[in-house]
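Each structure below appears as structure tokens.
Okay, so chain A shows up in both of these, paired with chain B first and chain C after.
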Partner chain A sequence: MNALFCSKPAHIVVAVLFLLAFLFFPWVANNYLLRIGTTMLMYSALALSWNFIGGFAGYPSFATAAFFGLGAYVGGILQNKGIPAPLAWLLAGLLVTIFAVVIGRIILHLKGHYFAIASLVIGDVLREIINGMTSLTGGGMGLNLAAQKMGVTEQAQFFYFSMLTVAGLALVTTVLLDRSRLGFGLRCIEQNEDAAVRIGINTDRFKTAAFMLSSTFVGMAGAVYVSWTGYIDPGEAFEVLISVKPIVMTLLGGAGTILGPVYGAFLFLLLEETVWRNFLNIHSGILGLLVVLLILFLPRGILNTNLWSVVEAHARVLRTYFRLLPRFQGINLWAWVVRIIRNIRHQS
Partner chain B sequence: MLSLQILINGILLGGLYSCIAVGFSLVWGVLNIINILHGSMIVLGAYAAFFAYSQLGIHPFAFIPIAGLSLFILGYGLQAKIINRVMGAPVLITLTLTFGLNLILDNMMMVAFKADYRKIILDPPLGLLELGSLLIPIDRLYAMVLALGLVGCLYAILRATQIGRAIVAVRMDRDAAALMGVKVKQIYAVTFATGAFMAGAAGCLMSVIFPISPLTSNAFLGKAFVVCVLGGLGSMPGVILGGILLGLLESFGTLWLGPDFSTTIAFVVLLTLLMFRPTGLLGKRGFE
Partner chain C sequence: MSAILELRDVSRNFGGLRALDGISMSFGIGEVIGIIGPNGAGKTTLVNVITAVTPASSGDILFNGNPIQGLTPDRIAQIGIARTSQIVQPFPRLTVLDNVAAGALFAAGVNTIADARSSAMEQLEFTGLARVAHKLAATLSLADRKRLELAKSLAMKPKLLMLDEVNAGLNASEIDAALDLIRAIAASGVTILLIEHLMKVVLNACSRIAVLHQGRLIADGIPEAIVGDAKVIEAYLGRKFAARQRKVMETS
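Presenting the complex of A and B:
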């Protein structure tokens, strides 16, 4: 069952097919699917970025919304001043990166809860400042962008590929980081920061680098997002869920892995679109339930867990559940599940 | 004269802030968990007080024990059944778990109560106390006295009762406390429940002073956090000091820079303090 994710060649085949699907997706999808695909790529970019600081270095950063909102506003304002969109996105990414370095210098010496809340606060402060600078940002009224001079389908494809580029850059950076000295150092910090200092890792510089990496692509994604939707307001740009969703996705997929955040984003969006799109009133409640179940039963994510062991550990609950089910459905589900599991066991 | 008035406003506000923060500080100190649910629990307590007053005519101040006890039970259940499973896990795990629980509670309140702002209008109103040219709203004064009284009660319980000593012992050294025969998991549940009790009580006081809506829970949470860091974890006088400091900071900040930037001021002070004195002004290890 788990062979799909553990044994290397199979893993790589799945990964390559999965990624290729994104490249060819626009030729088979309609505009609605294309919009979902673009959102999924944006989520991937955010989750991959959070993975640098939260997954590799183990620092619980909640600053994603701050980077996203700042990037969106910088990108939006630059475009309104007449700078072409791609250049505005790059500049937004650059400025957010510089911002992250400055902030990182201040808050990265904090640990645990203190770091988490300090990073969470940055978004709130930025929101208040941007709310106050009405002449530049439109304040609470929000910022409007001039409409793109493109057809509907071309526009959808254009933003799909723009987001794909941002997410692709984040993924390439992850692969490079995974093999580099920096990645190794960050994993050391995640394990034990004091010991990392002892073996000669400049933890301050490494942590700042990770924090910086975790901001660049988020800022770019924010800028692309604002061009895509044509409107942003402070409440939406610095929404705290923007910080939380990437964490949930990365935990779902597996923190500190390369493709975990992408798989996580995919599953998360699948759930978002299929399950709780139909329950708008209790949307965030179901998200909360998902978070709680994830933390209780799968805290290390799909790629880091032997899924079979999770099933075994909770076998009693599952058995009761499946035994109760047939009374309502009229089929012996439990026997069916047992048969499938036996088959899998014989094969492996 | 104006600044004296603002000083008084700040202190009145600060007393309430310490009551908001004390349960949060207790849970953080003893369980090493940031309880994201705290803000929502305050709002829940405030709603209970609102309905008790509008439907049954019970005065919100008299409703404090009932609201507190209901939340005590809720908090005990949450800790014993769910949060105890992840005690000792990395910060990210516990934080995300309470965040998820908070999303559920917030959403339930949103469905049950809608997002409208509500406030208890006392009938007859308590009016204003005039001291020369100074004006003191009497409802705020009562609320502050009650708030400080509640904090004092908690302090006395932690100092004098057996269960209070057990909580302090767990805070100081969990393993040693377990060796002394303290049932650590049970103490965790009691501590979390006590934090919830204080949140419910604070909610009753808030319902008289501020308009309440499920949307305000994050503001309460943010204030609780700032107070904790300002005063320092693990110290009851620190919570009171932190609360009053925050009250003064917000009052004078509003006077000097306008109401738009009051949060920013509080957080800039917070970040500066975290840089130079991360333990807060009066922080120490044992929770007393």
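Presenting the complex of A and C:
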């Protein structure tokens, strides 16, 4: 499983082109595309972060929203106190990291479902606290930031590159982790925690480190996000989907791989945007269906699967279907599916 | 012979059950000691107590003369106590080489992954697993997985190696090969604690045998003495049989 994408030259070429595309994207994109690009980078950072604890260490954390919301509020409040944006983002990342270490020491002895629930609750607790601290956070009314003194296009580019930096840092950390003693130990913990203890791995410390890594860039992304949108409220900041989407993205791309989370974020948001534009009324239903299909056919994610073997396996079924097709003209399943999709599109 | 490990009046309770009851014994450097006893005698508990997986309820454990109670299992592994377990515990999606390298990396104080891999390769050659070094651990046969457990433990550079039923589930020729390995390991100065059901293995490999029964140490000595020990026969075969055996011995 180690560095699967590095093993083949073709993969490296794809990866390099993919990453270069992100770098040069702002020069070819309009503001709408730039906005989607920025969101994509933000979710890449979130998915790469979840990969540290969920992919490497195998602990299903739902704490992403907690880190994101906390980072957003810390970043927002600091900026309102007059601290320049980049410094506020760094401080938000730092504070969220410290928070993660404290929480990690408390909940990381839990395993499986118990850990998932415990990590899910953190965000809810933070939301209530921030809701209550009206004088500092604005409570349920939300927190407003002063508008940036920039043109619309410059602002779009500025935040694109800011998110690119955060996602880039997360990616570099992933590459370093993959080659490090810590990463090796986390893979051992993921596969057999009892055996990991037995060969001398201090699992408490290793898991806390993974949990810590999974928080830093999320906190920073939250802080960049609040500067970008200029407004945050507790409901949005601690939205449970912020925890769920990075997990789906990482699983889609390949948990425990280096670029899997980025591919997953790209694919997921591409699907989400396409479906949303074409099926306005039932977009979340269609998106859900597509995700189910993808997980069904690629249960271990893109980078953990030999794609060709999947195509081959299903090609046999499809070939049989198409060979038999003329005999079943009366119940042409394919035409039927196409008709349903057309109807849905007309309605929405 | 100086002692590498010394147990002083070690007990372990599980609720009302006294799984280990006042065990005192010491193990010398390079010794191969067999621990035998019926099911539930406390053999595996003894290993778990030494490795701090289930810490002792009372008593002292000295390793190299230093008390080791209160240390966590990962520290125990780092100071040179390794074990294999009854049920093999590989990292299924790592290669065989990386499985063993993990032992070197985290317990033997090797600093880089590259060094750990080269040290692992030596252990794989020693245990005869070099041919499958780059296969995933999940694909190995049971005999090879048992060897992998052994290789992983050896990569930890232990001073004391506890083998918990390392031969269970192996056929006769595999057991002979495993015995050769165990002797070779002992010859390199590692103290071995062999926990076994198979008398043949224990009598073949061990210089000393300790017998546990209902958490108590009922005999401790050279193999020849243990085989004739009345208490041991009683524990294994029942009181009636022991009495009959005694009569036979007296008349002959």
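Remarks
Criterion: the second predicted complex is superposed on the first by the 283 of 348 C-alpha atoms of A that agree within 3 Å, B and C clash if a C-alpha of one lies under 4 Å from a C-alpha of the other, contacts with A are read in each partner's own complex, and residues count from 1 in each chain.
One rule holds for everything that comes next: contacts are C-beta pairs under 8 Å (C-beta built on N, C-alpha and C of every residue); 3 or more make two chains touch, one makes a residue touch a chain.
Values in this document were obtained by computation on a predicted structure and should not be read as measured data.
In the superposed model, A:290 lies in contact with chain B only, and not with chain C. In the superposition on chain A, A:107 makes contact with chain B only, not with chain C. Legend: residue contacts after superposition of the two complexes on their common chain; A:117 is shown touching chain B, with no touch to chain C. Contact with chain C, but none with chain B, is seen for A:185 once the two complexes are overlaid on the shared chain.
When both complexes are overlaid on chain A, the residue A:247 reaches chain B alone and has no touch with chain C. Taking chain B and chain C in turn and counting the residues of chain A each one touches, the greater count comes from B. Residues 28, 32, 34, 82, 85-86, 89-93, 95-97, 99-108, 111, 218, 222, 225, 229, 260-261, 263-264, 267-268, 270-271, 274-275, 278 of chain B are the ones that touch chain A when the two sit in their complex. Against chain A, in their complex, chain C makes its touches with residues 51, 72-75, 77-78, 83, 85, 89-94, 98, 101-103, 105-107, 111-113, 152, 156. Those residues of chain A that touch chain C in the shared complex are 1-2, 179, 181, 184-185, 187-188, 191-192, 194-203. Residues of chain A touching chain B in their complex: 54, 58, 60, 106-107, 109-110, 112-114, 116-118, 121, 124-125, 128-129, 131-132, 240, 244, 247-248, 251, 281-285, 287-292, 294-296, 299.
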